[in-house]
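See the structures that follow.
Heads up, the next two complexes both have subunit A, just with different partners, subunit B and then subunit C.
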Partner chain A sequence: MTDPDARPQSGSGLGPATGPETSPETGPARGGGPAYPLSWRLLDAIEGLAALWPARASGAVKWALLAPALALVALLLWGLGVMADASLREMDFRTYRLSEDWSLANYARALGSGAFWATARRSLLAAAVVTIICLALAFPYAYAMTRTRSARLRKLLLVGLFLPFFIGQVVRAYGWLIVLGQEGLANEALGALGLGPWRMLFQYPTVLFGLVQYMLPFAVLMLAPALAAIPEEVERAAESCGASWPRALLHVVIPMALPGLIAAALVVATLTLTDFATPAILGGGTNDFLANLVYDQFFRTSDAGLGSAITLLLTLAGTTVAGVLLAAAGVAALGVRGAR
Partner chain B sequence: MKPTSAAPSVAPAVEAEGVSRRYGDVAALAEASFRLEAGRFLTVLGPSGSGKSTLLRLIAGFEAPDAGRLRLYGRPVEAIPPHRRSVGMVFQRLALFPHMTAAENVAFPLRMRRWDARDIPARVARFLSLVRLDGLGARRPHELSGGQQQRVAIARALVFEPELLLLDEPLAALDAKLREEMQLEFRRIQRELGVTTINVTHDQREALVMSDRVIVMDQGRILQDADPETLWREPAHAFVAGFLGVGAFLDGVAAEGPALAIAGATLPGRAPAGRAAPAPGARARGSLRADRVRLAGAGATPAGCHAAAPALVEDAIFEGDRILYELRLPTMGGARLRAIDRDPGAHARHAPGAAVTAGWARDDMILFDAD
Partner chain C sequence: MTDLSRRRLLTTAAALGGASALPFGLRAQEPEKPAEIIVRAWGGVWVDSLKKGVSDPFTAATGVAVRHDLTEDNEIKPRIWAAVDQGRIPPIHINWDTTANATSSALRGACEDISDLPNLANVLPLARPIGLDGVPIVNTYAYVYVLAYRPEAFPDGAPTSWNVLLDPRFRGRVALYNDGIGFHPAAQIAGGGTLADIPGDMDACWEFIAKLKDQQPLLGEDPDFTAWFQNGEIDVACTISSNAREARANGVDVAWTVPQEGAKVDTDGMWIPKGLPENELYWAKRYIDFALSLEAQQVWLDGLGLPGVAPGLTPPADLAGDPSYPTTEADFAKLLLVPPRIQAEHTAEWFAKFKEIMQG
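Showing the complex of A and B:
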């Protein structure tokens, strides 16, 4: 079946026609076949560069390669340390200087304020709801993309997946302002049907909607490789065992895709929990998340101490969410290790 | 819903009538028709792309035929989805569920078929024991060897007592030793349970060793349907003759006798069983199995031969229990022939370059139409 592909294509019938006289130099190479493709030359050139590499890599070289990554992590930890230090110092609003001595006053203020808890609850709920909706929507999308026999549909789904990445989050949120506003496209359409106008902007569900729309491609991107790694034969096997397609999905495909689901959940949940732009624009200040609260402390009330304390509390919340999901992934990953 | 066990009935276990399946312009399966009686072991043998796997997928229900009728135990199954057919299948790459233990894999079909939960553990244990995996039920597939994984796959396919067992080249990936062991193992289990089985393979040895019956396919068509011995002795097509065993073809023109005329020589042969010899004057090819070609020194005629020709030894390949000679016949336009010496210790070995005489009995050369 692969025969036609296996034969090198000879351009303009030159190959076969020269048959008997074909000398080694003018053989298939000049006959239009792949003589020595550019990609091979490119790889050879890269190998040439690799000759500069010391024959025996000492331990120092390995650490040098790791250095950029380590520097990045160190920088992050350093910043976190600065934040932790600031969070323990109270802002003096007469001098706009942080106090000399440490206290837990900022944490006490944050944890004692109803606004903080309302915002935290809003952020965490959003993380949970957006994650669940995104996984529910991303799974069929990724499944269709990896399983479809139609190359055209796969391309369409891929374009649909990557197109949103070309449009920034802020631009997209502004786009939704235009669509969902009081005089927006959505209300215009509803008006044509004799409905509305409905107040859609600056509502919590609208913020969640905007977040789902933003996070969905991330979820698909994390899920697709996990689903592609599950052989179709395994699904057929489940069917031959007597499982209808939904039951095969539930008992075989989803458990096998668990590491991908966990990874997608991790990305969507942490990005949502710490999101700033979507609640700021689509919430219009009425539906702030913790990141908006942090922003307000730093740039509105100039309370670096309280802002740092909330930042650390947000980091703690995000770490906890990630920790819980990773603990679940650890168990799942063990079960799937060794699978092909 | 407990599946009905293969009840004795007049209807054959599998009945295909003109079953066809196309992929675009390619006829993967062209009007395949056959019947398989309950309890038999059938092998569908063919090269890759011959349509044998398509046939299996149609019987399993993963695909629907474009034309033709397919019945299992007399019931038309075209409209029945795979999970409602009582068909167990062992897949090429086994397709075990990696997140389940061996026992959970075997229990899966019973759970999906809603067996009573109280019956499942005992039944799983019985089938793990049947495939000789006692005590390994708690292992996950990746903790088992290749042969043990095979056994889990067999147990999973059989545990719900399917009416039909399908094997989709499950042994192809195994090394030779293990493959031979598993061939006999499949045969033992099949006999023990009496389950009707269709095995698909490109391995002629496997087909001969395991089957009651063999169907040979090429390019979507069934070429021959016979028991292993008939298939071996009486190939009905040149393709079958070439696919089974080691041998060679001599191309020439059919002559009266019947015989094959090449470069002035007339070599006696015979017609394929149940078919006429090629019409005299038509292009024809004579099939000669290597194990039927006998060799003697130059000028001599091997004993018991009706035809002989001078030959040059091009290569002598030592294969342990036999020597395979690659021969060229200079008086037959350089046609090639192969001969096997099954008793290398007893004869002097012909060295490459040596001139010998190759001979064969009339019945050993089967004459086919050159198509």
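Showing the complex of A and C:
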């Protein structure tokens, strides 16, 4: 945890103090005692506490550290279990209560519904299209951000990356209503050129456009660390061996950035597949995704059974998408040690 | 305090005093007042009118503060149901709800019986729910799903039929509610069917809606209609008259009509979830009872432009004689009424069919 070569030991019983007499945190030493930064002392105190942990229980440390994450996963699984139970019970609309008996009726209703297949097709297509476009746009952005020698440009790109996170998805979608509306800025500009007005809102491409704008920062955020971890020397080495920059990019940088690309694809594809707000706001009511269908069942028709069935089918679709991506690239592509 | 507001306070106190003359359960003494009661409401003009006509006078007369919870009616419902099932105190005291939606809660057994409201004896029969045991809901006013339009798009005068929605001129410029609510009976008649065939045979309705799908309609909720008219996105829509009136009040050039086929009339109401402490239940009933009084309804429903259930209301000047403001038996006879219980029992089926057409 601490590196004895990097800093002197404090008076924690581990050795004589040999550190500096002054520090920015403590100021000059008084009374002849050792003066170390407060943060060092705190770390030493924590180390002291760690010594109290029984050696026999050292194997439990990793589980203790994992406990919060495991609790969250358990909560998620518990919720899915409740949903699975509800999905097997049919709603009686004379009493608005779910049946006592289990059946597959809700799954039959969902899978026999044209609305389900239409929204599923729309969601899956969006997940594919938005992911491809986001990766194509995010890669050069992240590459420029990590490779530029201009601090000003890097700051500008960082601001461009993080600014959208401060503006919620709903606000951004409403922004597009103003820009792309029949009397919006885009149509005004077209009007000045003697064109339009064109109906730009409430179409499927507009929903995709809104999703790309929303998902792009996520993709950049996932890609940037992967690109930053590739030493520039590797590119130079490839070029010194005769590879042109595009060849070096294609055969060296992109393969080495694969963990970031796969992670970005996973995040963008699953978030797009399960998105609710953008199709609801920019879709005009006729471009719903599966998440909108789930909302409708839970809240508009109060049919928790059918809503749960569609939720589980959506979860299955998301898991399949993630599985296909990982199967195509291999888990090792995520940089997971020991994975094959 | 102005003379008008003083007079209003006195009439409010009289209305509430009249109610307390026949208290719920013949109480000798009013139970303890809660710090506040929570009323779920719709936003915009809806909550503004409720506040002005009911909540503020109620607080002034009783000292009980009223908080408005603007959670959507559909979204608060599962929370209330869960609280009632688990024996917890529900998240609100009063749900201002569509009668059809409230009926689903009544069928589930989530509503308190409020048949002992003193003002129920003084209101029109419309206030009492049809086909339910006891009085789990009281209807507070009626409203009509009119054909709203931009006069600029209709230079020859108001449209006379719902068939105008199929006019190719308006392709991409028509709008409905995103669950089809309010449109089924109109589509049934416009499609050649009859009201009596609902819910047994609604082929005419679905065929009309399928034709309308080719018109690329926009599907939204109350605030969307105002925004769409305002932003020039649509020319014609099936919406509640209050939304069209609100848009017009905001300077949007919108008019509305009840076409020759008629228009769906519906009611909204108020109900109290089971599980409130006794004293809070009492004051929640007092609130609803006051909402039924002539004094409260006159101000509240003037704001909404809707006909109430208290006899003797004066229609707003701009709505006198308007077919979307029915006040007599003859007025109601021209409109299309589907009993709330039938709506509640078929909502999911109709919704699925509507989605099937619109999302396909």
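We adopt the following convention: the second predicted complex is superposed on the first by the 259 of 340 C-alpha atoms of A that agree within 3 Å, B and C clash if a C-alpha of one lies under 4 Å from a C-alpha of the other, contacts with A are read in each partner's own complex, and residues count from 1 in each chain.
What we mean here is this: a residue touches a chain if its C-beta (ideal position, glycine included) is under 8 Å from a C-beta of that chain, and two chains touch if they have at least 3 such contacts.
This structure is a prediction, so every number in the text was calculated from the model and none was measured.
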item	value
Partner chain in contact with A:E47 - subunit B first, subunit C second, else both or neither	neither
Touched partner set for A:E100, first subunit B, second subunit C, both or neither	neither
Superposition-derived comparison: subunit B or subunit C, residues of subunit A touched	C
Touched partner set for A:M256, first subunit B, second subunit C, both or neither	first
Contacts of A:A243 with subunit B and subunit C, given as first, second, both or neither	first
Touched partner set for A:E233, first subunit B, second subunit C, both or neither	first
Partner chain in contact with A:Q182 - subunit B first, subunit C second, else both or neither	second
Partner subunit C, residues of subunit A touching it in the complex	91, 93-97, 109, 113-115, 118-119, 177, 181-184, 199, 201-202, 284-286, 288, 293, 296, 298-304, 306
Touching residues (chain side subunit C, partner subunit A) in the complex	72, 74-75, 77-78, 81, 104-105, 107-109, 172, 178-179, 216-220, 227, 231-233, 344-349, 351-352, 355-356, 358-360
Subunit A to subunit B touching residues, read off their complex	1, 231, 233-234, 236-245, 247-248, 251-252, 255-256, 258, 332, 335-339
Of subunit B, residues touching subunit A in the complex	48-49, 60-62, 81-84, 87-89, 91-93, 95-99, 108-109, 112-113, 140-143, 156-157, 160, 166
